[in-house]
Each structure stands twice: as C-alpha cells, then as structure tokens.
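Same chain, two partners: chain A is paired with chain B first, then with chain C.
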Partner chain A sequence: MSDQAQPSGIDLRAVGPHLLLPLAIVGVVVLFALLQPAMLSGDNIVNIMKQSSLFFFVACAQLVVIITRGFDLSVGANVSLVSVASSMVMTAVMPLYGTGLGIALGVGTGLLIGLVIGAVNGVLVAYGRINPFIVTLATMSIFTGVATTISGGFPIFNLPEAFSYAFNQMIILMLPIPLIIAGLVAYAMHFSLTRTVHGRVLYVLGDSNEVAHVAGRRVKEHLFLAYVTSGVLASIAGLLMTAQTGSGEPNLGTSLVLNSIAAAVIGGASLRGGSGGISAPIYGALLIVCLSIGMNLQQINGSLQPVVIGAILIFGAALDAIKTKAR
Partner chain B sequence: MTAQAALSESRASKLMKTIGILPFVLVLTCVLLALYEPRFLRTSNLINVLRNASFLTIISAGQMLVIIVGGFDISVGAIVALTSVSSALSMVGLSSMGIESAGVIVALGCLMGLIPALMVGIANGFLVSVLKISPFMVTIGTMTIAAGIAGYVTGGTPIYDMPELFTREIGRGKVFGLPYIVYAAAIVLAVLWYMQNQTRLGRYFYAVGGNEKASRLSGLNTRKYIWLAYVLSALLAGIVGLFLTARVGSGEATLGSNLMLESISVAVIGGVALKGGVGRIQMVALSALFLAVLSNGMSLARIDSKYHIIIIGLVIVIAVAAESFRESRRSNHV
Partner chain C sequence: MSSTSTKPGASVAPGTSAAPLIKIAHLDKSYGAFKALEDMQFELRAGEVHVLFGENGAGKSTLIQIICGVQSFDAGTYSLFGENVTSLTPAVAHQKGVSIVFQEFSLIPDMTVEENLFLGHEMTSGGRLAKGAMRAKVQTVLDRLGFHLDPAARVSTLRRAHQQMVEIAKALLWDCKVLILDEPTASLTDQEAAQLFDIIEQLRSEGLGIVYVSHRMPEITRLADRVTVLRDGKFIATVNKADTSEKELVQLMTGRTFDEFFPHIKRDVGDTVLSFENVTLQSGLAENISFEVKRGEVLGFAGLAGCGKSEVLRAAFGLEVVTTGRITANGVSLDKHAPRKALSNRICYFPSDRATEGLAMHQSLISNSSIAALDDPVFSRGKTLLNRRAEKGFTEKMIDKLKIRTPGLNAKADQLSGGNKQKLMIARGLSREFDVFLFDEPTVGVDIQAKLEIYDVIKALTEEGKAVVIASSELAEVMHMSHRVIVMREGKIVGELDGEAVTEDALLSHFFDHGDEETQGQHAP
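And then the complex of A and B:
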C-alpha cells in the first residue's frame, strides 16, 4: 500500500471490522422494517431480544471451544436432552412436593446434565487426546439417542406455568428475563476470557498447542474446563428454550449445531482457533435471529431461509480466510 | 521366551499393525449374530446387508478422499437429496415432453441428477482449495444451501412417476443374484484401490494430506488435488443419490439425511485419520460392512431404532480411542 493511503487506511482497518457486523445487523433490521413495518413493533422487538438471547447461549457454548481450535457438535443433543430430562423431573416432582421444588430440581437436573455432557467431551478431548470433531460427533449421536429414548420420542407437556413465567415471560425494567440472564452470562464470560489465566490459556491453546504446553500451564485441565463450560452454557440454552416452548421436546436442538457454529464464526471467531471475543456470539446471534425473523415476517419460503444463512456463512468464513491471509 | 515364540509374536503384532482389529471384530460380530439369530444367514438378509454396505462404501469412499487431503465433506447427505430431486424431476419432465424411450429418459435423468452434485463438488473444491476457507464451514454452508434448494423445489412432497426401467430395474433388479449397487460398490472399491496403490495420483493425495506445505514446495499443484477430492466426493455422493432414488422409487428432499454422519463414522472407524494423509479404501469398505452388519443385527434382535444411534456413537468412541491408544503406544516405543 502506498504511503499516502496509509493514515486513513489504518483508521478504517482498525475500526472497520468492529463496525462491519453492527452495521450489517442494523442494515438487516432497516431493510425488513421498510418491507414490513411489523418488524419494529413492540412485540417483535421483544421477540428478537428473547430469541437472540436464547441463541446467544449456544453460540457462546460454541465459542468457548472454537477458541481452543475445537468444536462442539453435541450442543444440539445437549439442548434436547436437557429439555426432555428437566421436563420429566419437573412433571414428576411437582405433584408430590409442589411447584417450587419441582422447578428447582428440574433446573438442577438440566444444569447437571450439561455439566456431565461437557465433562465427557472434555475428558475424551483433553485427556484422551481424541479429535474434538469425532468426540462430539459421537456424543451428539449418543445423547440424541438418550433424549429420544427416555421421552419415547414424544414431547412432554404440563410443565408448570411458573417455569415458563420465571424463565421466559417475566419482564424486569422493560427487559425480558432471557436477555438479563444472557447479559449476566456474557459479562461473566467476557471477564473469564479476558481477565483470567484460564481465558488466556484458552487463546494460547488455540494459537499453538505446543506453546501452551511449554508455558507450563496445566493445559489439559483448562481444555477440559472449556468443554465443561460449553456443556453448561448449552444446558442453560436448553432450559430457557424449554421455558419458551412450554414443553420438553426431544428434537429441540436438532438445528442448533450448525446454526451455533455459524453464529460464532459470522460473529468473528476463527475456526483456526485463538481468536474471537464475547462480541462474536452476540453479533452472530443477533444477525441470524434478525434475518430469520425478518424472513418469516416477509413470508419467505421456509426451505429458502437456510439457503440465505448458508450463503452468509460461506461469506463470513471467506472474510475470515482473507483476514488470516492478510496477517 | 524362546526365540521362535518371540518371532511369531512379532509376526502377529505386525499383522495386527497392518490390518488392525477391525476384520476380527467384523468376523466376531458375524459369528455371534449367526449363532444368536439364524435369520442373519438367510440369503435375502445377507443380500440386504450387502446392499446397505454398498451404499455406505460408495459414499464413505468420497468422504475418505476428502479426509485424506485434510478436509471434511459435510455436504454429502445434501448432495444425495439434491441428486434425488433433480434426477426425479428431470425424468418426470422428460417423459411429459413426449420422449418415448425409457432408456433415453433414464440416461438423461441420471445425467441431470449428477450435474448439480458436481456443481456442489466444484464449489466446495474451489472455496476450500483456492479461497482457503475452512472445509468445515464451506461444506456446512453448501449443505444448508443444497438441502434448502432441494426442499424448495419439491415443496416437501416426494416426486413419483419415474420410468419403471429406473425404479424397478435399477432399483430392485439383480444380476447373478446381486443388486446393481453391489457391482457399483465393487467397481468403486477396485478403482480406488488401484488408484491408491498403483498410481501417482493416489500418492499425491496422501502427500497433500500428509504435509501440504512440503508437497507444494516440492512442486505439486496441491490446489488441484484438493479440488479433485471434493469433486470426486460429490460425484460418488451423486451416484449414491441415484441408486437410492431408484431404490425408494421417488425423488425425496430428505433422502440421505443420515449419510453425512454415517460416512464420517465409517471413514473414522475404517482408520482414516482426520489429520489427513492416512486412509485405505479396503479398510473403509470393511468398516462400511461392519456398520451394515451391526445395524442389521440390531434390527434382527429387535433393538429399538432409537438405541441404534447410541450404539453407533459408542462404537465410534471405542474405535477412535483404541486408535489413539495404539498410536500413543507406538510413539512411546519409538
């Protein structure tokens, strides 16, 4: 690049990537608002906030492991299993010991399942040194099977209304409860990724496995912990999504695997590892949710919507590839 | 220990190293099944197993080629669906245009089915080899696009009314007692075995996957081979799509939805290393046969189909854990 162009070029380059996604999101919202004024109605905005908060959790679950140059294909199975199991616990405990304990035990079961799935993945990836793609492919298959087996393939109804209210419908200071939980988790994740040794180790791990080993940190523990975090985040998504649908669904998470990876990568995480902050799942979730809600309002054929998401996914990955090449 | 015993032991361990434990597990599974469930040995059942193994072998062969050059092909299942829809629509369209000869309709229909498959393969190859985008992202993207198009074109309803020549003859016909797909799989197996063992092309695939940089520096056009692997994978998936369409007798946008996972599982159980540069077609074919026997056995034993994916998932974990255990022992010895 010539010398004259450099001063303005640097500014644009430094600011450009940070502005690109917010601008794209605003652009999508404005576009659909022009086509369908309902896009900006109060109900729809609350809907966008809720949906993107739910989606944020799975994207974030994906981010934690993508940073370490891994994957988590089991997030969808995790969501499905958590949905089914927590619903079953709630409906079983409620008549005997009351609603409050039922909800508490259901939520506890859900989180515990997320923890266990994450721990299984983590043990196999970090201590067994097996490729994360294969590990999570296998656990995805196993836990999807468990979810359909224990539920018999049918949804579980009659969840307490208080559960749906507490985890989906409640609005505090004009903010829906999923958004508040997402905000708290986003802050905690941001803190742990940028301010703690654990976070630094994850980025170093993604950059270069050897460097992390040489640096003397107990790499395996941190890698294991990343998968556990991912599992717990996915289980939170499972609980919140169950509260939204009001029933335990054995295939609640089926479409989430690809979309969660898409959201994290579109948001700026790189599959080559070592990069991507908390903004990646936030922007990625907002973009995909705004797009799909907009396309629904515009009544675009349901089969064509994934075509748009797929094209954007490839476009985002191409941008990432070009950025990497430039580096 | 006497010298002879040591010698025979080292010979046994050498044998184990070259062929692995898969053949033994396969034989053991077959024997146990035959003892437990005599229906397993019926000719009709064995042909059924062989047919399923053939579908799996062909699609996993493509997956293997892509994994050998260091990639993935997640789009194979969607390619199967796209081929199915496109070939069925073309056949129905051609026969409504007044073409009489069933042979011409079927030939053109198959061609029209393979064209979109090849286009997906070419796009995958271009994006991965030239633009250097992660294969995972590329093929997830093309998968959603291809599946979306297939769903949009059919509107979710299957396409019937294909010529009898296609559905009855190719789908259900047999030559010397075996379905056509078995011969197709045998040809794929033979050609790929020849390519991997006897040709330069085969060596180049391994070289590119083993160390792309070194291959490029030593003058190989690595882009060309990576691209070619994706095109071949798509072509093989397209062929599976045609046979499956003929078998079920309709063009369906949901055909092959399990094949992406199954093809990767088959390749991995067959010892194809995800880091690239390793993988033999004969082991992949054995692994396809193993999975086909396993799921047949589970059906015969009336194990609920919901448990199938659990068991297959466990098999993958065990296979890969065994492989990584062997590898770590090997590197410890050296």
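And then the complex of A and C:
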C-alpha cells in the first residue's frame, strides 16, 4: 500500500512546480491581452522575447550563486560598468581602426570586466571567507562608482549601428538574436549544472560546505568559479542591454539587483542553496517581463512596478518556505 | 525502582491507581495511502518511564509527534490528562505540560545557553527582558539537574553532550507533567548517560510521566517500567519490564529471533597501511599520537567523549591541522593533509555527525553516494563530465546491497531514517577503492537492524583485507568489534589492548585516571 502511495505523492510534487509557473505566465499574458489586445501584437511579442532574453542573463547570474547559498548584489553594477566601459572602448577605437575591431574590442572589454568583477567577488567570498552579501554589496557600490566616474555620469552616444544590429535587431529564422544567444547560454548552463562535476559540486556545497569538503571536493575553486560565471553572465546582459539602448548608460543596471533575485526565486531557486535548475531564471524572467510589459501597456504608473517586484520576491520566498516546511 | 516516595510538590501520586496522563486507543494516522500508525494503543501513567521500542520506521516518531501536537491524527482517541484531544498544537501541548527533547538538536548555536532556554518564552517585566529573573530560573533548573553548565556560554562552544544537557534543561524549565525523550543518549558517553539516567529516575520519583524512545537495550533494562513495542506502524505489545527479557523484546521488535549481536570478524593481519608518528594536533586535542593501522584487522579507539579519539580519526583524514609528527599512508608522507589527499591515498572517513559533514541532506541519494568519487574515471570523463548512468547504476546496487530503505533514487537524503542515512554514507565508502576505512561513531542514532547491517559491512571490509578503524563511545561496540583497542584519555594514548586482553574491565581501568575520584563501580554488571 505504501508503495502505491509514494509515486502519486512524488508525481504531484514533481509536476506541480513545472506546471505552476508556465500557467502563471500564460495567465499574466492572457489577463493583459484581455485588457489590451496590443499585448499579443507581433511587435510586442518580439519585445517580450527580447526583454526576457536580456533579463534571463542576470537572473541566471543570480541563480549560479544562489545555488551555492550566496548572492550577487553586484550584477547591476556589473551591467552598468560593462555598458559604459565597452561603449567608451567602441567609440574610441572605431574612428582609428574601424567598426569591426571597435565592436570586437568593446565586447571583449565587456566580457573581461564581467570576468574581473566575478573574480573579485569570488576571491573574497571563497578564499577570503567573507559573507557574500557584504562582499557583493561592497563591489556593487565600488563598480557603480567606477561606472559613474569614468563616464562622468553621462550616457555615451554614437555607438556603431552594427553593434545594435548584431546584438539586438538581427533576426535569424524569425528569432531575435538576444533570444538565440539566451537559448545557447541556457543550454550551456543547463548542461554545466546537470552533467558536469562542477555543477554537481555546486549543489552539494550549497547544501553544506563541510559535506563537500569532507567528500574531497575543492570547495573554494568551485565557489570561486560560480562567482566568475555569475560575473560573465551579468556582463553579457550588460552588452546586450547596451545594444538595445544604443548607448552606454552608467545607471543601466540599477534596478536589476532586486529583479534578478526575484526572478530566480520565483522561478524556483531556494535561498537556502542547493536547489534550482535552469528553468528558474527562464520562468522567472518571462514572468517578470510579461508583468512589467503588461503594466506598461496598461499605462500603470511606472513607480508601481518596484512594488509589484517586491511583492513577487516575498511571494516566491514564501512559496519556498512552505515547500520546505511541507517536507 | 518503579515505586518511589512522593516528593513534595509532585502533584500527581505515582503508581497505577491514578488516571493515566496519556491514553491513546485505536489511533490511525496515514500519509496518503501510507499508514504510519494503525490501531495504535499507548498509555502513560504518572511516575513511570515508558519506553517506545521499535525499528526506525516503526512509527515511534509519528506517535510522539502526535502526543506533543506536531502531527494530527485521523481516527481513534487521544486523551491527555483525562481530556479528549482533537486538535492539539505544540504550543497548547507545551502549555498543558508536555515537554519534548528531540533527537535533532533545536538549539541556536550562536546564542547562549540561557537565551536558548528561554527562546520564544522570554520572561519580561514592563516590556523589557527580565534578565535577573531568567538567570535565577536557569540556575535553579541546572542545579536541580546537576548540570555544570555556564548559562552565559555560547551553545556553539559546547560539546554535543553538553548541548544535549541544554536540550533537557530547556524541556524542564517550565513545569511539565509529561516528558518525552527521543533517543537522548545518542550522542552521550556512558558516563554522561549514567548521569542522565539518575536525572530521569529523579524526575520519575517526582511524578512525571516519561516517554522514552530508544533502541539501546541496556538503557531499557535500566530505566523502563513498561515497554511498548511497535512494528511497521502497528502496536505489538505493552509489557512490564519485570516480566520480560532482552531476547523477548528484540523478538517482538524484529519479528525474528536474535542470536548473536556482534559478528565474529576473522583477523588476518597484513601490511601497515596507515601510521602516525608522534602526531600532535594544533587544536591540542591529541598529543604525541603514534600507532599503526594494518590490513585485515579492526583497530578500535576507545575513551570518554572529548578524549581525542575522534580527532585522531579526523587528523588521519586531513580534517585537523597537524603541528608536529608525521602521518604516512602506504609509504607516502601526508604533509599538508586534506580530505582530498586522504581520498586519493585511499583513506575513507565516515564522520560521526551525518547532518553537518556526512550527507548533503537536500540532495538526492545518487548525488550523495557518488560525490566522493567524481574524480574516478568510472563516474566522470576527464574529471569533468558526469557519467550519470554509472552513478545511477552504482546507487541502485548500493540500495540493494546495503538494504537502504528509500522512497526512490531521487529521494533526498533527508527523507531517509537515521539508519538508512548512515548506510547511504557507507555507500560512499564503496564508491571507489580504499585501503583504510575510518568510522567515527559508526552507529550513532541508528536502529538495531541497521546496526547489525553496518557491523556486517565492517566485517566484510576487514575480511577482504581492508584496514578498519573504529572510534566509538559505545563500549560494547568498540570492545566486540575490534581486534586491537587503543584507549585515549585527555588527548593521549594511555593503553593498547590486543585480542583476548580486550575486556570491559581492562578498558575501563584505562578510561579513568587512577588517582581520579571517578570510580568504575558504577559499571559493574
């Protein structure tokens, strides 16, 4: 009898979360479509795809460290700094060496900055054993300051149109380029989390550092690598968002910190670490972007959006708490 | 023992004449279609120690959770202090006088003893914490229990045994009539346990009804007035301890006969695979340790908790910093030792504390069983890509071989019972080739059946020619399982016994300093 009971219990638990979020996302889209038919227009759907793709990268950056029971509050600062620095490089290099090299160096600079920010966070958290909240709060402040300082606080215009085209407007097989890049990265992340030793160790150390250490894993290296991954993912977001706005913006990432955590958590990552797969940032990004775009169409006051995001974060964290308690 | 004089202040007269404190009849509890309890009977009288006895999964935990209001029940009656209970919450149960000491610690490590005791029940005066009153109350209860604990000490600085004392003090801080103890001696040494038994006897004489969950036979013999045996969620029998025997209890519990507890392990001594030369640890918990571990024999480490035996095992696995001396495995000197190095030098360690060092509780069985072997070509390609089929196959094999009872391969470690958790950890030791197996408290918090199975694993490993080291606070275990026993006291090796010389008296005489006031008399059989 008990044997029969188990599968049905597991099925519910396994299927429930997989269905709940897609249903919620569809629900949000349908709701706003009823209020504003424009929600389902071709342009708007492309817009949703693009925005969620951009947002996916920061949510994914957050997921990688949330799995290790950490945080990355510096994702927003990362995006801002990447935006201004890569724009500055592009605009400086282009007149001298041409557009192609300008874009290449700009993109390279952006990724390198992401790598460096991630490495700084990683060294301090993994090797310095400092609380990730404090570390990334500090680096958030530092790199936001750097972004404002080097740009003088002003946007950097005159980016090459080829950059915006290549990283935002291009459409391949009816899919916008950000979505294609997001898809590739999502697949790579999924593979890394589920099929590699590194991914496995991240979950175990998120559950307990000591267990991973006693099991002979190189805890510090894996933790370090998680922060580097997070930094690089955030810098990709920075580049794509810059391509979208067409200018380097020193405050491009300001609102991303809370949103990225909210997306990862509502998508199913647990703040206690050790859980959450690639579906978390995908669903989380879609849900938050659909809500946000829907609210824009409905002309709901923009200042209200942070209220909704905050509520979503609390709701996601509460769901997580209930799930744990039910066990 | 069972009938004692009433002490002043005891509100209920002990004995059988008064109405029972707790009476449970025909109680059912299901989780889905899984019947956790079926037609359960239980009765607790004032002034008795009533032992709940059964294998893990027999329903003991569910029953005590129902008693203290953590779980509800589906059918049947539960009467508490003469009143029928339908919906009980832990808070109401606590208020009525039901206190429980859980097996898993509920203390907050970064708070002091005092703060933990009052957690959620802080005393206030005029909106401020009444620190003086609380301190006085703590001191009263500690004195009453005879615990020498500093109320201002942080819990994280206390040893597990002392943390256990805090748990008990917490339960007794407020007036209670029913005290539930869930395997209270799991982390205590014999000596500390003896102290706890005195306290339990004192509480019984004060008229408390005590529900005592345990599968340790000596404790039952010593403490129980009555024993209720559970098996597979069913009530089997309630017997008076005076009318029963160890044999009968085990038969009732397992449904099978009980021949010999400890297996006979063949000794066939081979090469030395691990040696310590004058090793002193930075923590100061072990000094000048020298010994050799050889293939084909079981080496035991005995001594009181805190004597350093567990630290010696940890040092062998690279979990302690060695200041002087040398640890050598198969001729390789293990400088800058670390778990990773130990594993690659074919040393395997099973920590005593499964929850913090042993298992990743929220990860799957598969993840837990292969985690220490992910560098092995069997489980990964190039130490990077997982071979998930091999992991799954290995885990299935281990579930079968070690008889791990689990809802499924993807169940989380946390969903297993204590014995099955321990077996899952042991599975990890079989995930790659090892020469040395270090067991720190191999059967803590494990039921009798699992215990026997773990002993069988130890026997099989030894007879395969592996070297096995056991550190155990359970005297009988270390005595019967080991071919050779090293006794430690206060961080030093004080004696080594071999073969026939390993006897209880010989061991105990080494346990205590001879000039010490501790006597061995209390251990007389």
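The working rule: the second predicted complex is superposed on the first by the 316 of 327 C-alpha atoms of A that agree within 3 Å, B and C clash if a C-alpha of one lies under 4 Å from a C-alpha of the other, contacts with A are read in each partner's own complex, and residues count from 1 in each chain.
Everything below uses one rule, namely that a contact is a pair of C-beta atoms (placed from the backbone, for glycine too) under 8 Å apart; a residue touches a chain by one contact, two chains touch by 3 or more.
In this text, all values refer to a predicted model and were calculated from it rather than measured experimentally.
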| item | value |
| --- | --- |
| First (chain B), second (chain C), both or neither touched by A:G100 | neither |
| Which of chain B and chain C A:G27 touches, first, second, both or neither | neither |
| Greater chain A contact set [chain C / chain B] | B |
| Which of chain B and chain C A:P306 touches, first, second, both or neither | first |
| Chain B versus chain C as contact partner of A:S275, first or second or both or neither | second |
| Touched partner set for A:P37, first chain B, second chain C, both or neither | neither |
| Common interface residues of chain A - those touching chain B in one complex and chain C in the other | 272 |
| Residue ranges of chain C touching chain A (in the complex, touch as defined) | 31-35, 317, 319, 339-340, 342-344, 349, 351, 356-363, 367, 371-372, 374-375, 380, 383-386, 388, 407-408, 414-415, 428 |
| Footprint of chain B on chain A - complex, ascending | 71, 124, 128-131, 133-135, 137-142, 144-146, 148-149, 153, 258, 261-262, 265, 271-272, 301-307, 309-311, 313-314, 316-318, 320-322, 324-325 |
| Of chain A, residues touching chain C in the complex | 1-2, 4-6, 8-10, 195-198, 200-201, 203-204, 207-208, 210-218, 272, 274-275, 327 |
| Complex contact set, residues of chain B against chain A | 72, 127, 131-134, 136-138, 140-145, 147-152, 155-156, 253, 261, 264-265, 268, 274-275, 304, 306-310, 312-314, 316-317, 320-321, 324, 328 |
